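All chains are identified by letter, namely A, B, C, D, E and F, in their written order; residue positions are counted from 1 within each chain.
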Amino acid sequence: MRPSGRDLSEMRSVSIETGITKHAEGSCLIRIGDTHVLCTATIEDRVPPFIKGSGLGWVTAEYGMLPRATHSRMRRESAAGKQGGRTVEIQRLIGRSLRAGVDRVALGERQITVDCDVIQADGGTRCASITGGWVALRLAVNKLLKTGSIQSDPLPDPVAAISCGIYAGQPVLDLDYPEDSEAGVDGNFVMTGSGRLIEVQMSAEGATFSRAQMDNLMGLAEQGVAQLAEIQKSVTNV
Amino acid sequence: MRPSGRDLSEMRSVSIETGITKHAEGSCLIRIGDTHVLCTATIEDRVPPFIKGSGLGWVTAEYGMLPRATHSRMRRESAAGKQGGRTVEIQRLIGRSLRAGVDRVALGERQITVDCDVIQADGGTRCASITGGWVALRLAVNKLLKTGSIQSDPLPDPVAAISCGIYAGQPVLDLDYPEDSEAGVDGNFVMTGSGRLIEVQMSAEGATFSRAQMDNLMGLAEQGVAQLAEIQKSVTNV
Amino acid sequence: MRPSGRDLSEMRSVSIETGITKHAEGSCLIRIGDTHVLCTATIEDRVPPFIKGSGLGWVTAEYGMLPRATHSRMRRESAAGKQGGRTVEIQRLIGRSLRAGVDRVALGERQITVDCDVIQADGGTRCASITGGWVALRLAVNKLLKTGSIQSDPLPDPVAAISCGIYAGQPVLDLDYPEDSEAGVDGNFVMTGSGRLIEVQMSAEGATFSRAQMDNLMGLAEQGVAQLAEIQKSVTNV
Amino acid sequence: MRPSGRDLSEMRSVSIETGITKHAEGSCLIRIGDTHVLCTATIEDRVPPFIKGSGLGWVTAEYGMLPRATHSRMRRESAAGKQGGRTVEIQRLIGRSLRAGVDRVALGERQITVDCDVIQADGGTRCASITGGWVALRLAVNKLLKTGSIQSDPLPDPVAAISCGIYAGQPVLDLDYPEDSEAGVDGNFVMTGSGRLIEVQMSAEGATFSRAQMDNLMGLAEQGVAQLAEIQKSVTNV
Amino acid sequence: MRPSGRDLSEMRSVSIETGITKHAEGSCLIRIGDTHVLCTATIEDRVPPFIKGSGLGWVTAEYGMLPRATHSRMRRESAAGKQGGRTVEIQRLIGRSLRAGVDRVALGERQITVDCDVIQADGGTRCASITGGWVALRLAVNKLLKTGSIQSDPLPDPVAAISCGIYAGQPVLDLDYPEDSEAGVDGNFVMTGSGRLIEVQMSAEGATFSRAQMDNLMGLAEQGVAQLAEIQKSVTNV
Amino acid sequence: MRPSGRDLSEMRSVSIETGITKHAEGSCLIRIGDTHVLCTATIEDRVPPFIKGSGLGWVTAEYGMLPRATHSRMRRESAAGKQGGRTVEIQRLIGRSLRAGVDRVALGERQITVDCDVIQADGGTRCASITGGWVALRLAVNKLLKTGSIQSDPLPDPVAAISCGIYAGQPVLDLDYPEDSEAGVDGNFVMTGSGRLIEVQMSAEGATFSRAQMDNLMGLAEQGVAQLAEIQKSVTNV
């Protein structure tokens, strides 16, 4: 029934290749099916003005798409002179999600910026960015731990995200682009590896939905995130 | 326990004054406690390029805050040269939410723009904007029905929104600013008058949350939206 | 002869409601006929760089219109990415006018920003902004006097503004929108309550004018400002 | 008493050199003392959308300053990414002033853009721009008349402008920069060669002023504009 | 003597991986040492306004760097609100260079946009972009030939580019970042596979240079481009 | 054979008028045929952040065109909200070229900004800007030497630039606009008065070129720059 032939609760194949660029403190290329996102983490000693002197750390994120990551070419945001509304919304979500999984006292007064750049898009880029972004963040933090810059681990539990939706009347896990563009309800779920919720975003796209449907999607998401967290752990040796 | 002395499931007082400006096709001033938002609906015969010729209508929204709607003055976005990320995120939410409650075939090929401008802010401005925005939209559509421009009603059911959150460890309905700035979990729930879900957005702010907590907040939200929908109906005579 | 049926030297009805928002140090909603402007005054301890350390105060103003303050909806300036030429011109006029009525030594090294946001426009918004802006400023200064932050009153005399013009060949006071869009000559007069001139701006719109016509308009303006100053005094208890 | 040693009613020396660039339909370099402005007029067949098909012509103006036209270098507005408030205000004034002296029916449905670029500034650049801008406009219109593109002259009377102000307590004509920066009252007067008023702008700078003072400045301005109009006529052979 | 231990006329290792994204009509990942650039070619049926109806084709290019392609993170240009001067200069060079190698009559009235995005930078990104960009262009054109959209090949000869410079007093081929930042003279040479010149750009960086030195660099560049052209041909099967 | 009737190696007439504005530390109006550029040099005590405290000086340049410097009017870049790609590319070239001829130790920790504004364009504006810009720079430095602010001359040798190209199959010196728009190859050569190379930029415009052709153009350029350097010296009394 799904265009890809997947079962309702079947994720696309996932691969996370780490150490993808030589400059960044942490980096990976995450591939969830045909959605490919390059994630890098940059450590800087400065923090935003509103927490200067607090001793607390900060994690923020930026998101972008290469112009031809999509079916037809999109205008480059730098040429347009501003980031679009969708970009802004997504990068705020990535930043909030990663931050929620960080012990900011343990991180100490430094900032880590996670850049998520979509090389190829086929649905679910924001979730892939969060999942891959956490891996880049984990690798950068590992360096801080190894050099003794920080003593206790500020990343107690992985943070991962997956989309679910109602496609052709059925709850499905991990929507690809053909499903996403047809889905009546679309949700993004950010959770920790141990199943705690960080962010839930569900939207009716054409049709409203019931609490029962919402519960179904939540259940699927829990399965998906658990699988992703295992992969995150395996590639970061945690 | 709440700074305002309200019960956990008690909303702030709500008033919706309609017909607030003489130019707009629909308008209201919604007051939810000390949060005051001016909402206007503008009908235009043009639609966005991507639906031209489809016969379908479109509803979109813009959101702004007057510079001194808040405790300390904020820089005017027009002077800053762009809308901030928070503004963009909120106005996309308002637009999506209102659109989900519209029968776009019945509306016909025209656009209604709902402007929500916050006169005074005390928490919950995005929810007040959706609730008040629907009233402005309803009034504008009433004009179209009255003049016979459209035949069947494209607004079958009110759309309203309310925030809930976990404050001092307790689930509470309709957070005001002092609660919002301290809440560990913050959610916005957009629903129809008959209780169908349109948009659910929950964020951990400092602490992750469980499905049980999420269910508690959902329950509170359902009560709140039902009350708001009654007020919406009464002021628009539906 | 006038569309509104008013006499040539008859102003529209004026009301000024103070204390309109809870956050601002001074605020009012001024209604001159169907022109409604919300004015707030914000006190800040910083001053612009060019007077830092001088001991002198500063008063500045910003002006905006809600998108549907006008007959047809105007594009939001924050979305357009800049303030239009008309906006810039008007807010510079408001700032200069209010500043001319301030004893900047008595004010002391602090800045007061007056925001004038047009809720509904029907001609004369810049004059209403100056008149209402002074009321907001007066109320903010009253607070500084009451708390002893300043000792001597930096606002010796009200500042108010009124438009006059030549409509259908006749000099008329306080043009509303239907008159304004047809007037051959259009002037804005800013004066103190005791009749001293602060700013005179007269423009030929289609037809040039003579000194005699100019003198007529000046005379009307003096009457108008005197009435406005009385209202300003009464609502600020000076 | 004046820094330059001029009499109270004495203008600076004025020269207008025409035909200054080979591309523009009309051009001149106007020198009023040490204020030098290059003015060009460009004829285009298109008009702004709001008068398309009306048969009426349009005249508009733009104003700029070279970065080192002033004592200390100013940031280039193209590098800053926007025109400053002062620039916008001035170019709107130039456009309105020139337009008021044009018979737009006689001009026919075409647009003339007058560019005024300040090469060297020493006070009074907006007035020099209007006076020089009219010369460029006149020369461009002469071409249209010569080629028979238009039949009747749309420029019945020169338009010129001069500043006056109260300096050291005395009314003076044509303020230079040292006077302008000290003046208590500053006015710009745009008139036709036959003495009709087009635009009057008077501002209190530090001190309010009386109607008697205003009348004095008006009288000086009338003398100044009459002299400028003679020069305009002589260099354009009218 | 070179930091990398390479001979004076030795290029870094080059690899070009084609078919790197599924959406673009042509794509490759070019690696020249540690400089990695992702190049995509997009075919569109529209052309720029100035050649509409001419029957001629157009090739243009855009260039970007991911924020952490460099040693320290650079600000995202979309967030800064504009493309920097270096970016603009480079993308204009890429576009001109590729266009010079295209038979625009044979291409027909269509546009191909080549996007070059630097994943990792280690000197020579603009040359790698031209070399890789031509491969993406070649692959896109191959598709047009295969489908019969165009009949004769508009790409007679490869276009490739290489940098040369004077490092530590010696002429060297293909500068990497450590050399580039120390070089006294820096040149970029764009040529065809058969050795015709397309673009020569040489800059003194600290020290001027002689014609003899220039000739030395030209000779090195000819060797380098010939090698690159062979690789380009082998990966595109020409 | 050339539209102007000049010999292949004949430059247009050159004049450089110095002391053109009273405010700038150095200034000139350079006229190369019908290309007229106003150049000013501004001395400031601050330097860019990346050389603060180094004791080194900095020279930078900005370039602009008046809107009607060209055949048809171009949009003002300040109104467009950004500098175009061509502007950015040219001003970077001017800055690099002038800087290459400066002994930055001798200049001391100060910045000189050279502004080049094209009053009238007829081809070769970037070369005229470099040649005229050096004269403005020389005059400003002369002031620093005269006042003893610097002891040893940081400008050992003039810097000048000329264009050459292949027009109608022949190598020609100093292209004017009619030639430039038809040339198959276009080159800009920046050299010192003693013939050392600073910047070479050659571009194929429609046809590729050979090394022999390149050598021919280099030879022409050497002659042209030598003539320009003599004029530069004569007008700056070096």
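The criterion applied here is as follows: a residue touches a chain if its C-beta (ideal position, glycine included) is under 8 Å from a C-beta of that chain, and two chains touch if they have at least 3 such contacts.
Labels paired with UniProt names: A, B, C, D, E, F = Ribonuclease PH.
Since the structure is predicted, the reported quantities are computational estimates derived from the model, not experimental observations.
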Mutual neighbours - chains that touch subunit A (Ribonuclease PH) and subunit F (Ribonuclease PH) alike: E
Fewest touch steps from subunit A (Ribonuclease PH) to subunit D (Ribonuclease PH)? 3
Superposition of subunit B (Ribonuclease PH) upon subunit E (Ribonuclease PH): rotation angle, C-alpha, nearest 5 degrees: 120
Which of A-E, A-B or B-C has the same interface as C-D, meaning more than half of the contact pairs match by residue number? A-B
If you take the mean of the Cα atoms for each chain, which one ends up farthest from subunit C (Ribonuclease PH)? E
In angstrom, rounded to a whole number, how far apart do the mean CA points of subunit C (Ribonuclease PH) and subunit E (Ribonuclease PH) lie? 59
For subunit D (Ribonuclease PH) versus subunit F (Ribonuclease PH), what separation do you get between their C-alpha means, in angstrom? 33
What is the distance, in whole Å, between the centres of subunit E (Ribonuclease PH) and subunit F (Ribonuclease PH), each centre taken as the mean of its C-alpha atoms? 28
For subunit F (Ribonuclease PH), residue numbers touching 2 or more other chains are 81-82
Just walk me round the ring: subunit A (Ribonuclease PH), then subunit E (Ribonuclease PH), then whatever comes after, in order. A, E, F, D, C, B
Complex contact set, residues of subunit E (Ribonuclease PH) against subunit A (Ribonuclease PH): 21-24, 27, 34, 38, 40, 42, 44, 62, 64, 66-73, 76-83, 87, 113, 115, 117, 119-120
Note: in the complex, subunit C (Ribonuclease PH) contacts subunit D (Ribonuclease PH) through residues 82, 85-86, 88-89, 91-92, 96, 100-101, 187, 192, 196-206, 208-211, 214, 218
